[in-house]
Amino acid sequence: MLRAGIINVTGYAGVELARILARHPEAEISTVTGRSSAGKNLGEIFPHLSELDLTITEDLAESVDVLFSALPHAAGAKKLTSMLDDGVKVIDMSADFRLKNSSEYKEWYGIDHPCPEYLDEAVYGLTELNRNMVSSARLVANPGCYPTASILALAPAIQAGIVKPDIVVDAKSGVSGAGRGKYPFADTNENLMAYSVTGHRHMPEIKQELNKLDDSVDLNITFLTHLVPMNRGLLASCYAPINDEKVSGSDINSQISTIYEDFYGKEPFVEISDFPPMTKNTLGTNNCMILPVVDLRSKRLIVVSCIDNLIKGAAGQAIQNMNLMFGLPEDMGLNGLALYP
Amino acid sequence: MLRAGIINVTGYAGVELARILARHPEAEISTVTGRSSAGKNLGEIFPHLSELDLTITEDLAESVDVLFSALPHAAGAKKLTSMLDDGVKVIDMSADFRLKNSSEYKEWYGIDHPCPEYLDEAVYGLTELNRNMVSSARLVANPGCYPTASILALAPAIQAGIVKPDIVVDAKSGVSGAGRGKYPFADTNENLMAYSVTGHRHMPEIKQELNKLDDSVDLNITFLTHLVPMNRGLLASCYAPINDEKVSGSDINSQISTIYEDFYGKEPFVEISDFPPMTKNTLGTNNCMILPVVDLRSKRLIVVSCIDNLIKGAAGQAIQNMNLMFGLPEDMGLNGLALYP
Amino acid sequence: MLRAGIINVTGYAGVELARILARHPEAEISTVTGRSSAGKNLGEIFPHLSELDLTITEDLAESVDVLFSALPHAAGAKKLTSMLDDGVKVIDMSADFRLKNSSEYKEWYGIDHPCPEYLDEAVYGLTELNRNMVSSARLVANPGCYPTASILALAPAIQAGIVKPDIVVDAKSGVSGAGRGKYPFADTNENLMAYSVTGHRHMPEIKQELNKLDDSVDLNITFLTHLVPMNRGLLASCYAPINDEKVSGSDINSQISTIYEDFYGKEPFVEISDFPPMTKNTLGTNNCMILPVVDLRSKRLIVVSCIDNLIKGAAGQAIQNMNLMFGLPEDMGLNGLALYP
Amino acid sequence: MLRAGIINVTGYAGVELARILARHPEAEISTVTGRSSAGKNLGEIFPHLSELDLTITEDLAESVDVLFSALPHAAGAKKLTSMLDDGVKVIDMSADFRLKNSSEYKEWYGIDHPCPEYLDEAVYGLTELNRNMVSSARLVANPGCYPTASILALAPAIQAGIVKPDIVVDAKSGVSGAGRGKYPFADTNENLMAYSVTGHRHMPEIKQELNKLDDSVDLNITFLTHLVPMNRGLLASCYAPINDEKVSGSDINSQISTIYEDFYGKEPFVEISDFPPMTKNTLGTNNCMILPVVDLRSKRLIVVSCIDNLIKGAAGQAIQNMNLMFGLPEDMGLNGLALYP
């Protein structure tokens, strides 16, 4: 059994890691940390996890094979990298190791990168696009929830060159994506808002990873985020003009479907849909559902993609990466069906 | 007192008309019709309207000065136009008289227009843009909820020529916009979806009205709609590339704010916001809040606009139009503050 | 025009007071206070109130005729009573002056009463039961939201003696009743819980006021509160065994309806319903809807009552009391219809 | 592998059966039926079940070992009982075989029982109370969602005689309990209502089963149901006067906790809680959480219990019963942790 540790277990991503790992056939949770809750039993704060009978400690209390960090950016970077030399494999849910360019990190996060010497080694853990590198990685940067849905939506189109690089991503997330406790119920319920209108930190991840698929183009991406009054679920609506040198004609939609299905054909967690996917179709799962469709009047490709932001957008993808890093079947512990309704 | 009639009062737009007219100082509801509910008292179906003590009839039971129709498209057109000759002023909430081009009507609604001879006379009742024509109209086509938010968001930019005509409108609506009874609770709650992905009927309205503001350009609009798990509220996020021959430089945002504020300066129901507006800020009101902001990296203008879909997007705007048509103060009966939270 | 002040305007009850007073024909808001927000414009925090253009100050900035306090218990009592001698009429939304017995106050609130010498003078502002006393009061203790619904539900039955004094009140409230910011969205949405299971502070108010209607019985009340994932709305389900010496027979339900209708016959804000009322029927209004019905099998009276917790349960009732205290029509500023859906 | 059939798979209980059976190690779904959806693939209606690749047929298309019926009452009874003679074990989710007394069935369901000769044989499938009988049953009547939570809450108290038989059960359910499609979103969201105020069909089940635990008392139960704007979750608040001949004194709460813990000590799916349980703690699980607590002032026992109405209140308990009927571990396929938040 793999011994796993979770740093900052008390956030939503942390408890979701604990929930999934608790039923993982080849992993067990050895130690969990938290700051303000140190000393408490995890079940006191989250009764649904009381059977785990884990005490939250300030620091790691046991040695581990794999370490998940659910700390905010910058807070854990140095500690995590110090564990690598002890042979621990690290999956960091924060943004620290996602961007390859440390000046870009500084631009978006406002501070110097705490350990830029690890940026080369870190693998961006969007599993479907970087599977081989994840498999051999010591340090995986788990993608943000928005980038996961957005990159998966656009990757086949970018790689195939069927769109021009003028992209709009209009993304909408349930409230758990904002972290625990940030949005009060009554102000958030029956409300819909855009936020980070002058730029969201997840944009450079999207650009970086899409550029890897076609570095010949200069992607011009407008990325806007919205908060939707629901707990879980993230939907990205992506728009780009069709490149009619690559796809055209009356069967353009089926050409594009084929491109998407070929790109993701064998993926266990990506499904190309032929109807508009809803977030609820992915609730509680590690799945991403994607519908590409051409707006024939405006000659734009629309791609709608859906995930559960806490699973494929956070804890589930982290465990998918763990499975690869330790040679386990990629979907181990992650094969649940969506909870409906 | 104006005597008002409401055809098909039992839909959400109909009951909202009744609610607002019940407190209007210069109007009274004379007669309300419904199909399956004919014979019942309005208060049996909607207890909050029981003080009105109105019996729902199959046909209009009293003569009226102004008639609001909340029927679906095509269902009421001939009846409505026949009333015009009796001196009744008509405000139609359906799509029948919105599009000037009857072949476009056929393309989107799938039937021949029932009375195309009235299309010239009908006035598109987006009050802020067509105030003078509304004032003297006999027949007003009340705009759709999505076009109201989208056109108000984009009009200043189109008229000023500050954007290129490649527009994406990503619109999100609360569930009441879909009409009464269409979406069951448990399937819709905790769910987010795109719909009408191959084209939504509100798009041609948006294009028609924006083109009036600058007929020199060929607007290329992609319009996608989403259903959000809340009762009321509609938010449109609009994207278009900046035309840097018109606006540029480090103060581009303030240039654009000035353009927007000048365009709407004296409007009682439009507010240019300097923070991201939320739908809740407009809940229960006839207001539209608009934030224009440039994404400096991608050189696109983003405009976010919010309304209460049943008020500014339906019943409130209809009464705003009625006020104008009868020489009353435009905001009479419509000056409530938002219900928060 | 009455000059009104609001202490602690930034809570939900405070903003609701501001919203209603802003449209009150005979009152204007002169001054509003807040603690952490002092120095800001009210519209910065609550955009829907920006037209009021009020600056939040730490202390009252203007002299007033009527003062509303939305502070928590004990925080404002001394200050409020000191204003009375300056001729200011005070309506306190806190619990400080609700209980007549200072030792009961200590039992439930855990502290000595800050100014027990005013308990005799203070009038419990459940308007329908204490109208005359409110009219001549200087100091009104505005009832809690739960007691408002519960007492109105049970008062006719207690006064008529048609139930035995073994009462269960199972009350359910929307989240705004808990105050601003206490419950995070994702933990509260899709969740239902009981709370204060060992006793809720609103119970002694209920008992005190019901006992006034029949001091010959020793009321034995079990009162349990629940949090429901919605913004506004409060529903109390009340249960008591029928006293069959007073009502019996096959028309018992109509006998009881008559008792309830006689009790509340002329009240502008209380409606005896003949169907199960829903909180949405009262949304945005100062109304209370009540259904009394006998469970014939178990011989218990069930009374279901509904209010909007922020209006009849807080700000609306406060303004209803203000109207009485200043000789204005009781429903002035409060005659809106419910917002549906 | 057990071959399972699901009759009327397209209701919420039916899809939940399919979801859980799809991951059950010892069962597989052989055939599913539906009425209006016959001929479609299950995945067309419920995309989250598309991997099952099951065609919905009008009648059972394969022979089965176990048959789950999710039809409404009376609709399937004759068909189900006819299968028993073919050696099929039947678990009926409807009310048909729950009440032992056919005249009580007629009183509550308004029709003569379609096959009263099976009432004796049928076992009421509240697993924890009837485990042995379930194990050897051919025909199990799966309990209603409300009775499951209510009976589990009250059983220890009734058996121990610690309460007097004057019971109030105030129960609240999420909307999925009402079946698919009954409640439209906008009318139901932000709304709370009582329903079936003159008597709910689940009451006689509660009385019948509780009476088995102590047939010396005449239980007088008032049972009222409420609809809460959330998808899943059911909470029952139960009230009964303490019998102080059995429990009393300052440690009464710990005496009662002990009685409850002894009663349910080894149950895999019942947890006695020492804090007020929330429905979210049971979301997606087969668990029931119960808090007994005495209101010392009114000398009443309050018991709060929570379940996921579609799992322990329907599909999960049905599979728990199936496991017993076929000698499998009782918790097989049912050991998931709650989805939080």
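Read from first to last, the chains carry the letters A, B, C and D; within each, the first residue is number 1.
By definition in this document, contacts are C-beta pairs under 8 Å (C-beta built on N, C-alpha and C of every residue); 3 or more make two chains touch, one makes a residue touch a chain.
Predicted model only: the values in this text are computed from it and were never measured.
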- The chains touching both chain A and chain B are C, D
- Message: Need the most distant chain from chain C, centre defined as the mean of C-alpha atoms.
- Response: A
- Message: Same residues or different residues where chain A meets chain D? The copies count as same if more than half of the interface numbers are shared.
- Response: same
- Query: From the C-alpha centre of chain A to that of chain D, how far is it in Å?
  - Reply: 37
- Once you find the CA centre of chain B and the CA centre of chain D, what distance in Å lies between them? 46
- Task: Could you list which residues of chain C touch at least two other chains?
- Result: 12, 174, 176, 186-187, 189-190, 229-232, 277, 280, 283, 341
- Message: Taking the touch rule as given, give the residues of chain A at its contact with chain D in the complex, in rising order.
- Response: 12, 15-16, 19, 22-23, 46-49, 51, 176, 189-190, 231-232, 273, 275, 277, 280-285, 289, 335-341
- Task: Under the touch definition given earlier, write down the residues of chain B that touch chain D in their complex.
- Result: 12, 174-176, 180-190, 229-232
- Query: How about chain C: which of its residues touch chain D in the complex?
  - Reply: 166, 168, 170, 172, 174, 186-187, 189-195, 197-199, 203, 220-222, 224, 226, 228-233, 235, 237, 239, 241, 276-280, 283, 291, 293, 295-300, 302, 304, 306, 341
